[in-house]
Amino acid sequence: MSEPVLKVRDLSVVLERNGRDFPVLDGVTFDIAPGEVLGLVGESGAGKSMTGIAIIDLLVPPLRRTSGTIALSGERLDQLSAKRMRRVRGKRIGFVFQDPMTSLNPVLSIGRQLTDTMRRHLPLTRGEARERAIAWLTRVGLANPPRVFAAAPHELSGGQRQRIVIALALCAEPDLLIADEPTTALDVSVQAHMLTLLRELHEETGTAMMLITHDLGVIAKMADRVAVFYAGRVIETAPTGRLIGAPLHPYTAGLMQATPAPDADGAMRVRAIPGAMPGIGALPPGCAFHPRCERAQAICREERPPLADAGGHDAACYFPLVEEVVS
Amino acid sequence: MSLDDVLILNAVSKAYGGRASMIEKAFGRRPKGLQAVREVSFTIRKGEVMGLVGESGCGKSTIARMAAGLLAPTGGEIGRNAAMREQMIFQDPFSSLNPRWRVRDIVAEPIRTHRLRPKKAIDERVAELLRQVGLSPEDGAKFPQAFSGGQRQRISIARALAGEPDFLILDEPTSALDVSVQAQILDLLRGFQAELHLTSLFITHNLPVVRLMADRIGVVYLGELVELAPTETIFHRPRHPYTRLLIDAAPDLDATDRSLHPIPGDLPDPSDPPSGCVFRTRCPFANERCAAERPELRTVETGQVRCHYDLDLSQRAAA
Amino acid sequence: MIAHTTERILQTVLVLLAISFIAFLLVATLGDPLTSLLPPDASIADRQDLIMRLGLDEPLLTRFLHFLNGMLHGDFGISYRTQDDIGPMIATRLPATIELAFASLLVTLFVGVPLGILCGVRPNGIISRGVMLVSIAGITLPNFVVGVLLIAIFSVHLGWFPSFGRGDTVQIGGWTTGLLTLSGWRAIILPAITLAAFQVTFVIRMLRTQLLEVGQSEHIRFARARGLSERRIWSTYAMRNALLPTITMLALQLGNVIAFSVVTEGVFAWPGIGSLFLQSIQAADVPVIAIYLIFVGAIFMIINLVVELIYPLVDPRLKRSGA
Amino acid sequence: MRGLAEAFRGRPGPIVAATLIVLLVVYAFVLPLVTADPFSMSGMSILDAFSPPIWMDGGQATMPFGADDQGRNLITAMAYGLRTSIMVGAISVVIGLVIGGALGLVAGFVGGRTDAIIMRLADVQLAYPALLLAMVIDGIATAILGRGRSNEMAIAIVIVSIGIAFWVQYARTIRSSVMVERDQDYVAAARVTGRSNTAILIQHILPNVMAPVLVIATINLGIAIITEATLSFLGIGIPPTYPSLGSLIRNGNNFLQSGEWWISVFPCLLLVALVVAVNVLGDHLRDHFNPKIRGRT
């Protein structure tokens, strides 16, 4: 296997409140292979977006990274100076934020924002940057690129803006694209357009992608592999098909059953997990999921299960759903 | 209005804006209004759950607010029994509870308003309702700020049940919630549905959710009701192209078929809707007739559809 | 857009007419011009003559039209207190007020803007915290107290600057300026600081709040995530968003500047229209008060209008929402 | 009450400010009960005229802050002046609040034409800063009522002038808060339940707009006190023969040049202390009640 594009080991982030540190991310570990799409899935507050922000080192107080190594194509990002890190952001890691309505600077033209970003990272003249910007606007499927180039963000729809956000993230040709809930703020019909665009660009450029979402449907269509987050920890990773076909962790299974869907007979079913995900500072000892877990036993309450390495489908659980297949 | 009809909407429309300014009046110009809802008709029968689906800005929430009597229609009429008790559950769990009221007063308000219980029995009733929605009676002494989004929706449900409504309106009740919390709320609602046989209007943009909850579903596009049919008919034999495309657009959990099915084109400007059929600009079957003539809402078998043609849409179109 | 502009201009004119009418009513109903303007031993004929001359026998609306017409031709009426024409009274005092306002604007720009930017970009720095602490005083201290304390320290105790007047002035055409003499410059410093105290703190706090808000916005986070340099982010991406509302708010604070100029001119016996207004209030000189009201109202409404009409040209967000 | 106690926990600035306000109020309302009015003949002693503060040569223990040109003991005169300033400020805030609050509540809740009329009126008034307006109203009242008015009349005129000059701000604040609350879903829920407009306005909306009203009333108390002091200082408001902080400073200002600085500077400092304390408290209350900062966590 070749060197992973991104290698995250034991990443931990804390939130400082009243002089005390509360864990927000705890020992997050995963790899992204070249050209791979890794899906990060979980509920709000599980730490998936925080992971993305921590990788590009944009955490702001009271949040702080306390441990972990982050390597981009072998280079340790966690050891870079702030100045060199700024050269990584945008140039080697592109980032797409969730809300296209607030992601663009309202008083600068689209063209200005694109050319500024490109000229920061690539040796381009003003004219070349403009040409490339227009090419990118065409590439992300916008009609009449010269008009869009001169337009201000408020003149464009949410879908158009998200296309521009994607162009901004990719215009310096990064090795890795982190997309944080890129379709959550969009309607179903626009969402499918955006996923199609992301898939096309991913196939054309070969850029590896980290796709953060709470939507298992998006995961099923887009991701090669999945990491499931719960209460700041990765509790299961697997190739998408295996995870959706036969999840090992009871939480993953519960999450899928909580999504309303027709069963084999075509009847709709939904099954809720009792209780709620523990908030920051309210983590129980042992497995963070044990208070809600039907299978929990004494050891789950006392000792935190490690993310067992089981040949590509790993779950942090003492009593995984080994043989059971969830329909 | 038959005894079994709880609410009748007859060609109901709602237009916004369009107040002429001084100058516009002087020049005799007509201001551009926004037609949020256009000639929507349907009837909700006693004991059924009617669902409305559509994308944001399609007018479904406006319909809900008109059904609740919060907005007056600018055209058509809404028939309802004057003595009918209504309740509503809202999308935003934060703004739907008065932050200065204790939970027990919030839940008791409909009981007091409609004098549903003698004064002495109110506390007992509130405690019972809080237990029913999965909270404890002690929670009644707290203010809404002490609760999470999911718990707040439970309080909203308790308040709605307290009013012993003849008709319940749910406007995106789970859209602000995470999947696992959504499942809990849907479970709770389904339980009450089965137990109390509530008549309700359930509004959402989420197709699996409406499929789970509703007996009949209305599909709304650009202010118009384009299709109305029993739930399983909508999903197995949709008759409007928009319904078909909407069903296909949402990614399902099947990781073996990775095809995506975007609806072609963009949503038109709602203040300047297309001529004829509102969906024709994005419809794969559209022809000249669709641009020239606005289709009627036709009754077909068990449902109604606003399309000129009888299309076979039971299969997903090829990707 | 054009319809909108015309409508706003019409509205402004209407409000100005309303203000003028109220001011006119004050003149017409309050005080008795005959006893104010005529000597006590004036004859019936003299009285009759004055009534005719002032048009006091005509209907109210006609008199209002005369009043408006007079104003358009530079005839603002006669002061009860000094019996002079109000127009020249204002004209001779206007330069002093304008120079004072200009000097305080300079102080605001050269002190307020840099400090505001500093406090917004480095909110936790030692200097920023100090500036914010001092600015509490600036925003709460009454204008006249600032003046009195400045006089107590810099003119009485230290004797650096004069405590009243404009110093030596030079006449250039119709304009009397104090900015060409050393004593004129020394005289304007304390009043200018007094008048600027409020604006400076206002600009600092406003810029700081705006920059802090913009600094936390999603688009700045996105700009950082694209690797743009901090210098570029603050100087272009954040500053443009922060400056517009600050400038607008500052323009809308003009009314307060006018009010404070009255106080400042009172404290420093500055011979501008503020102290004229003050003397008129003390003497219940209604015609001058009325003209001053119209004058201030007109300035405020016009600035408001200009800001509102120019804003869309500067802020692309509003380009199309006007119509 | 518990909410109020919680509002101050761990915040030294506001605690100091609140304590200072309590002390100043005690000073202003208790000292005049036990001392002769320095503005009556019995309260002055011309022999003590220009007596300096206690730490300067010739200072007297009975006059720690010195005496003014008429031999009034400044510590007593300032208590009387402070009492006038606090009362004028408070009553004018109440007047502005009653007028503006009622109009704002109605404008925000009823909307439509009523709202338009009230707000156009407010717009015209907003062309003038409140301070200037208070000056004009005071000046016009003087023109109507004539020069020879009594001290009590002068105080009443100042109170009304400031009250009227500030109603717009209350009206606008309350109107916009009402409009925000009016569109909240909890109001819609109450409507669907069948509550009447009056019940919704009083039981649902009013409790939610009280916080911003309290905040703006506190902040405006400071501004009203400043306005009174400014008017009196400029010789428009309260006459120099009656004690208020502004009239004391105005009187002292005559002797600033000749070196008797304490006659104006001490009332100045007292005014500053009062206003800064009120403002710190107001700022704190504003932050405390700001839903952007608090709440949804």
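Order of writing sets the labels: A, B, C and D. Residues in every chain begin at 1.
Here, a residue touches a chain if its C-beta (ideal position, glycine included) is under 8 Å from a C-beta of that chain, and two chains touch if they have at least 3 such contacts.
If you're wondering where the values come from, they're calculated on a predicted model, not measured in any experiment.
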item	value
Common touching chains of chain C and chain B	A, D
Remotest chain, chain D as reference, centres from CA atoms	A
More contacts between chains, A-C or B-D	A-C
Gap in Å, rounded to a whole number, between the CA centres of chain C and chain A	54
Length of the line joining the C-alpha centres of chain A and chain D, rounded to whole Å	54
Chain A and chain B: spacing of chain centres that average the CA atoms, whole Å	32
Shared interface positions of chain C, touching two or more other chains	none
Where chain D touches two or more other chains, by residue	none
Residues of chain C that touch chain A when the two form their complex	217-230, 232, 236-237, 240-241, 244, 315-317, 319-320
Interface residues, chain C side, partner chain D - complex	15, 18-19, 26, 30-31, 136-137, 139-145, 148-149, 151-152, 156, 163, 255-256, 258-260, 262-263, 266, 277-278, 280-282, 284, 286, 289, 293, 296-297, 300-301
Interface residues, chain D side, partner chain C - complex	123-124, 126-132, 135-136, 138-140, 142-144, 147, 222, 226, 229-230, 233-236, 249, 253, 256-257, 259, 261, 264-265, 268, 271-272, 275-276, 279-280
Chain A - residues contacting chain B, complex	43-44, 157, 159, 187-189, 191-193, 195-196, 199, 214-218, 220-222, 240-241, 244-245, 254-262, 266, 268-274, 276-277
Complex contact set, residues of chain A against chain C	56, 58, 86-91, 94-95, 97, 99, 102-109, 116-117, 120-121, 152, 154-155, 165, 168-169, 172
